[in-house]
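Mind looking over this structure? Questions follow.
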């Protein structure tokens, strides 16, 4: 009675407007026969945009390169870019949109574990394909996801091997409070127990936490040989600044990070982090012919001051690997592409990578680097050859209790 | 009055029936999602529009409802075994807190009772001390912030930042199936309709008058012999219950619940939606939630970066030029036409 | 019926009430006067629970009022109005009165829609003469009408003791007369305390008067006794001419 | 044991950060009753000013002016139409904060930027590095400055007069509009100062403001409406609580405890630590 009549009508009109909204992807008749749509789904807004925008750029660069070279199966790739907005449910929603409405052949996307976990059921439900470009906590092997970043035995464990070689016996674990750090730390603790290392402490802080004086105090008081750092995003900036001003040097207490790459170094400030080690599979300085071409192309496309990093390169690789699999399969049909993908080996910027057809991860070379005063990362150690991906750590006897499916 | 409402009721029913027929399944489940938000908006319209309590923590109640539902879904799929994320988190035994949620009746009850209980406790604590206005708003906002940290920190219990996802079936129906989604849409729309009518009844009742009186002169109401703290607590609890129910419906529709859905920003966004729709009328709140949800989807599909500008600008414009929102503008148009 | 003993209120070192004793018998109509800052409104605030006294006792019909919350005191049968009338502008006159009349009902029963007009409300409407305005929203009322609505709301509560804080302030001559008439009617079957400045109004309607000055009771008695008292003349004339008797 | 002792100065330095981010709010919220959700973005603006200038000492006055002018523009452009409607202001300024965040992202890019810390701030005394001591000194100076301004200058006393009785102040020749402008300028300027200080210890990016705004409001709420003394006490209390709670448990729990403490505290002192008595019926 007090409700304006017009309002109720408006409400209904909106409902109907939502009904009538033309599903832009459904006009498949308009789809040119010489085009293949692919989805690119990263956070372009919100807290994760910092990292994910660069991955999107690398993926778009790869798509452009493939189109320059004549496309795939004689067709041009058309990227459909969506914003995950640093919000996991949005990732799931946009993934659904890309698959069901845009009918893309595959999707490249995600960064956080949470976004991948949110998208996973969508890709499995609609039997579609996701290429996920970031190192992650393992313990997963979805038939509808290809993992082009490192799993734990290609990053965490080599990092620990490196610390062990350096004679670091007492370590302290610092991480953001979410799945990757917690899983990584479980692995680290099991590794430490099996290798005569001692874990002096394990601390987690909320995502976006910026007050590290108490934590630094705890670390300093514990006096470890090294710190294993799984902090994410902005927290790294605060942590390294406050660690540095507490007078802790990289020589006395190296902090091995697994989520700090070239891009992050700029924001942290080289002064605050130079000399500390990081563990990845790729650095801008990695000395391969493919990398020289990649760095050059990337800078040409996005600016001389841009740096390249591991996740960017993994996203860049994902597009090329998918294209290779499609060529081999002769179709973009998901099952055929999956089948064709197994065993594909390519020389990429990070060196030779091979798709493991069984768990859809990559054979990758692990590399430890130290941050140089110029902000780039210098490799100081590598695993010698590509490591077979082992997301469930079945090949490591000490990891027995961790990896049950 | 019933006569005047009849045509609209008819249109509503037609829309209910027509939407599932006209819309692609993907769009239909999006609409169902907006309608879930509309249920939360109804509660905000009641608490803020009618009762003057600006609650910036409505996401918390929404989340509690959602988590209760998600716990049931996880348990019903694992057949009493450990849900997938607990395995990853290294939990070996089902936590005692989880066990009763295997029962759907318990889970659904808790989806509403949990938020109501929290609202009653919080409301009693703050309203009794005459904490109000901006203080209340800030406290509810801090509640949202604290809740997210708490949920994220208890990874073994809650799935941490990831939240819970990967649900397959609800009461034996396959959630991936389009027909299930259609039924879910109808359920959500039906629940919204019923709750809208019930809330409107409450607003038009003596209690609703009392609520307006508390909003406009809390201290004066005391001298009418009422305890404003009680009135506010009850209203806050009702709005919390609405949000909880919306959360419980949201989970099977969207297929995920995570701390990202109940933090400071989503809570504020819902308030924005209500303001845009028009806070003083319940239908305005509902309209706002649907319009803003639709706008967010559409605009973020077209220009991702512009969405924040648009949202911010829209908000500034609504607050400065049309504080009564779309409902206010429509009301004015209607008056102008009849005048 | 109402008994105050040695009531003291201190605001940041300022003694707003400095040991007030006051007794009001059942059925009495008592006027409280005094210059600005004498503590009249504070006294009402203490009785109704808005201000908690630093010391002293307030008893009403066998109950101790100190420490009770405002709405609990209302429930014991003490009602009040405010200097600047506060009515709910978005509600109609009828709804305002109805709310005032309903406070004894359990809260859940208010979830129903109002049906008809209760006796208390009808009576309040009749007494205040607001019947023709019952359906109007209170926001459009004139100043005088608002004051009557407040008194009406008070009546609808059916209290045993009414406290009126300057009911005729700012009213026109006509309105004052009508209010006076209303007051006399009400006083027939209620106990009433009125805070008032207006001396003419006082002379016409008051019988018993208590004069407050600087937080103490200066003098008590009939209007004639009080206005003849030299101390009263001194406080009014000597200190604040603007509040002078017979202004 | 030393670790436990160390937490005391650490708690105080956390308190200094809290105080610094909340100080401007105690002025705008406290003196004017305006809830400015864009306060965090004014802090961000201060931090970016430091980034652009690249020099800390130069940045302090510059950031004060930049953030102050932004506040002034906000007050003149929008907030002044909203006095007496604190909740609407809250939502309005939230819209402004969204726009400012996105603006920062477009102007400076999404990644964090680096503000080099001056070399004279490297090193420290005991557990406290010089940059923490600098922040503490800045917080103390800020409090002292505000206190002197409010009690010792004519403008400050006028501000107080307007806060206490707007109409009366206006009739005695004070232009409340100008006082509002000035108050908002100062409150926002303080946010700018905080932003410069925060570049020493935290990230400088578009999300900077969002990390501090909730904490800042908690300090103001616990401190009581706009009371400088209350804000100082609340910041110290919450800083120490945070420091020791995190030391004995973890950072997540410490944050939750701080929230619980504020709620619990309001049970004892509903108007915050320091409150004025008021006879007015609102």
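Letters A, B, C and D mark the chains in the order given here, with residues in each chain numbered from 1 onward.
Going forward, a residue touches a chain if its C-beta (ideal position, glycine included) is under 8 Å from a C-beta of that chain, and two chains touch if they have at least 3 such contacts.
The structure presented is a predicted model; accordingly, all values stated were derived computationally and were not measured.
Shared contacts of chain A and chain D, meaning chains that touch the two of them, come down to B. Taking the mean Cα position of each chain as its centre, A sits at the greatest distance from chain C. Two chain pairs, A-B and B-C, are compared here, and A-B has more C-beta pairs in contact (counted per touch definition above). Separating the centre of chain B from that of chain C, both taken as means of CA atoms, is a distance of 44 Å.
If you average the Cα atoms of chain A and of chain B, the two centres end up 33 Å apart. Per-chain CA centroids place chain A at a distance of 72 Å from chain C. Residue positions 45, 177, 204, 206 of chain A each touch two or more of the other chains. Chain C has residues 82, 86 in contact with two or more other chains. Residue positions 149, 152-153, 204, 219-220, 305, 308 of chain B are each in touch with at least two other chains. Put simply, chain C touches chain B in their complex at residues 48, 69-71, 74-75, 79-80, 82, 86, 88-91, 95, 98-100, 102-104, 107, 110-114, 153, 157.
The touching residues of chain B, counted against chain A in their complex, run 1, 4-5, 8, 11-12, 15, 18-19, 22-27, 30-31, 33-34, 87-90, 149, 152-153, 155, 160-163, 165-167, 176, 200, 203-204, 254-256, 258, 260-261, 278, 281-284, 286-287, 290-291, 294, 297-298, 300-301, 304-305, 307-308, 326-327, 330-331, 333-334. Every residue of chain D that touches chain A in the complex is listed here, in rising order: 2-3, 6-7, 10, 13-14, 17, 102, 105, 110-117, 121-124, 127, 129-132, 200-205, 207, 210-212, 242-243, 246-247, 250-252, 254-255. Listed in rising order, the residues of chain B touching chain C in the complex are 201-202, 204-207, 209-210, 212-213, 216-217, 219-228, 230-231, 234.
Contacts from chain D toward chain B in the complex involve residues 29, 33, 35, 78, 81-82, 86-88, 90-92, 94-99, 101-102, 105-106, 214, 217-218, 220-221, 250, 252-253, 255-256, 259-260, 262-263, 266-267, 270, 281-282.
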